[in-house]
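Below you'll find a set of structures to go through.
Next come two complexes built around chain A: one with chain B, the other with chain C.
The block that comes next holds the complex of A and B.
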């Protein structure tokens, strides 16, 4: 009998929770019908493997919302960020997308983070006519995801091509060595560089893969040393780059220029690489060395609110929210109007650069050029 | 449960239930609620099919999501690359998933308990890795976008309401088949194997045969669920068919009550609804959810609708509800 009683209590508790959930849901629609707030969705992974990045995005987006609210809101209305966890799982993302798309008080959505989640949500957002702005999906397929799918992060191809143009057109290198990690990321970047170099009329004289986590780069560096290469472009992460930078002097390559995209941007590059890291050239969209006032204001606000430096995805989260808020400030909280406004948005300065959207909803922005001087990242003007 | 034993009242109850289910989209137009109902439907397919393996044949499988995924990918690839009609693709999904169930089952069903669990766990991981790495076909982690909606005689099924009715049909079909299987001689043999393999062999029931039947049928229905899911979401990626999903399905079966079809339904409903209802708790959602499951298992280990609630076996039904039949396994355990 005791068991039965406990079961009954358990079921009652479940039921009660269901009722509170419903009533809280109902409550929010009531407050929205009075429309004293503007609600923006934020669909990101808060549990699972990408939880840390999701939290950064939420924090970043919240900064953008707070800034608007402190300045008196939009037309006197306060902005509220409605956060939903998609667990980084595409099937959960579809549920969250339905939830946000159905709630007519949600004007637009910051999200999703993982490319698979953005793609799973895209048909739902497009059908319902809600803008989703991804702060983290860099996969090429997101380009074709629909009119209502935007992103404030560029594809890897954009940055790779920009780096190639920098090396060939501005620095005058004609013979390039490409060292890349043996993953889909490294291989993808190597392919982008190959195409870009062919278009620019430069030669790739060495193209070698290394394994992630390798500690000895003598094989690949010997090949570079015996070639005509004038610069090394790395398609990989900071750990390996630091080791390559350190080991190159043993092969008479101490003056060989090393270049990379923002995957090598990390304090660990400087810590591991030491003096050898000085002079490395890299591209990137967000850095605490950024000379942009918007970026510096964001960093200051973030540090004050959370007591730590914002991660890169926090800046992307901030920009995604910023773009939506800019649209609402200009055309109001109407879903379709926001889409129309964003499809022609040009030149909105955010923490990760100046945002414009192309006809596919992909962001167009030039990365910053950075180098390392005396153990610190510096932006090259 | 006395009401349910009276066949007339049972029919009336079923009728009312069906009407309510059919009217649901008209009563509630919120597409999020419909989506949750559709998700419940998909999980009912998955849970009742796994229940056949785990609940009735007594084999612990931790790789059910693999069959779900195989069905989804087979269906999606056929529809995307060869413009195959959804319903043909669904049959193909069922056949291919069933075939993989057979291939996995043949060598491994000789294993028992923990060992089989580990093998199925490994199978689930292998299948996931194939989805991730066979990039030329599956597009790897990027997944397959733009999967078309089904069409019948040129009439396109799209929108949540149509998908809702489709899943209701599939659920009813699955429940019908499962019900027939478990109440047939095959089903009885499965349960005998579950309770005591040696005793089963001694009375001429060849355990591996019945375990295999359970495995293949379960895999085929998971394949159907996968094909439906692929078409409904219009996008699949390997992240959906992971170990976690297998465990969720198993939790539905266990929480609902092993060896009970209504139990699996209740399990699927509760484990899909509760995380949604708990959304308002944001960060604490999965924590509370986990705690609820622990409490449930402590205070109600046989599940919401355990085997003890099952209407007795086929012999009784054949004998017009007489009292001579015995469902020895359940009685033994609950006496």
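The block that comes next holds the complex of A and C.
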């Protein structure tokens, strides 16, 4: 009983929020193509564990919207970002998805962040025929979530495979050591590398797991030292990578190449790794060292607006909004037309690379190649 | 590779042994498990970092200061969290210990943040190659310090007046009190010594791996606790032996079977030993009189 009452109160509150959102948008309940503003949903976690990433996404998306508005809007109409908090919780995400899908003035949605939330919202958006573009869900399951579900972030598999090709085809390594963290993430990446290496005809001579937060890597590094390995590929995060880089010299591996995906891209890698971090090769989609003009313009605009450097997810939020705005500029604010346009979108340059979508709505883009020189990330041309 | 892995195992084992001594001494005297001990080890690391890095002191001055400060932390823990409920159920002390553990972790996060820091002690790690085996000055330091501290501890407990008092308190607090021993002071002393050893272990780990973070005490504390049980809790040589056994077993398990099950080997050996010898390798079997 009590729970029902609570739900009722909660629903009423949500309804009220929805109404105020409508009225602030000019009180118009006309369909998207007829009103005098263009409204884009932004469903992200603003409270809970992922709140910081959600805030970054909102800030990034707002930059894209501001840029369009400053240039006179689209067909004379101003664009408005309608922000909803999904709390990083899948049932909350479904509520938010319903709210946005039922509001016919919403043309498309930037969101959600957590893969579980994107998947929870997917049936609702797909049934209502409104595009959702996730700026942060990299889980494999999102691929099959429906025609209206897109994302501007690649799966872990894409980067893992790219890294393997870089190591084998371009750098000529034939014997690889894979060290991965003992989590779903690390294990998934290790499997991708294993398949990629098999396809490329290279050997994985050492494949060892370590615990997240481990300090001692002597056991695994001893195994690497006594193997034929020419390079270490890390399937994990920056803290552990820094420690591996630092400890490798104790085992005569100071010249052993270390490679990783963008999960190791963090200033902490340099701070913690010190000199040992120099020369590490990594892939990534967004960096303040990026040579792309779009990325540099975004960074400048973001710094001016918020007084801080954009985090990676801010750039993904920017790109998700950019893709939607590009669609509206080309085919108008109609929901179905946006979906049709995006399903064949190719070569739109954003802050995280050049975006194209495959038939499943997954983004296809090559990551940048980066290294660390004298304690700074540098993009390899 | 075998000899190298053995050296790796002995090094981590030595660290476990130093922390295990704190568990075993406190258990020996009070028959309680000080679950906050892993976090005392963590505080030792951070205090070592604080005195060298933040205050810029030379390590010869900074490390003794850190050890003294950690001893103070240990003594305070006993005073505040254990002494008032010493007569209560043992379960109450256990909960109190877990509370202290959470408190210390959060205190460290509040003061130093959640990120991983470098240790920067001013001591550089030097490696020596002996054939196919590489050894560093810190590895040698861990092993030598372990042996020296164990001998010192053995002499203190068995040959000095305070050692006699410790053993008496361990035997029976009530009788020791009746014999005129200030048992509260003996208990404080025990916590202080255990904390100093944890600080030494923390500083060694800090120098060797050059990384400190607030939750680092959890896995080290758990392994060291397993080492104390394995060796026979309450026994000082047992804690040392248990530390080395756990360190070597987990290293060899990870090296020759699967590195993904590293922790499983450490706790697996504990279970196996306890099945055959429930009091631990060097533990003494107590007969409870009803």
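Just so it is clear, the second predicted complex is superposed on the first by the 349 of 381 C-alpha atoms of A that agree within 3 Å, B and C clash if a C-alpha of one lies under 4 Å from a C-alpha of the other, contacts with A are read in each partner's own complex, and residues count from 1 in each chain.
In this section, a contact is a pair of C-beta atoms (placed from the backbone, for glycine too) under 8 Å apart; a residue touches a chain by one contact, two chains touch by 3 or more.
Predicted model only: the values in this text are computed from it and were never measured.
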Per-residue touch tally on chain A - higher for chain B or for chain C: B
Touching partner for A:141 - first (chain B), second (chain C), both, neither: first
First, second, both or neither for A:210, with chain B first and chain C second: second
Touched partner set for A:84, first chain B, second chain C, both or neither: first
Which of chain B and chain C A:115 touches, first, second, both or neither: first
Contacts of A:271 with chain B and chain C, given as first, second, both or neither: second
Contacts of A:102 with chain B and chain C, given as first, second, both or neither: first
Of all residues in chain A, those that touch chain B in their complex: 3, 6-7, 10, 14, 17-18, 20-21, 24-25, 46-47, 83-85, 88-91, 94-95, 98-99, 101-103, 114-116, 119-120, 122-123, 128, 139-141, 144-145, 184
Interfacial residue positions of chain A with respect to chain C in the complex: 182, 208-211, 213-216, 218-220, 222-223, 225-226, 239, 242-243, 246-247, 249-252, 268, 271-272, 274
Chain C residues within the chain A interface of the complex: 1, 4-5, 8, 11-12, 115-118, 125, 127, 129, 134, 136, 205, 209-211, 213, 215-216, 219, 251, 254-255, 258-260, 262-263
Of all residues in chain B, those that touch chain A in their complex: 30-32, 35-36, 39, 135, 139-143, 145, 229, 233-237, 239-240, 242, 244-245, 270, 273-274, 276-280, 282-283, 285-286, 292, 295-296, 299-300
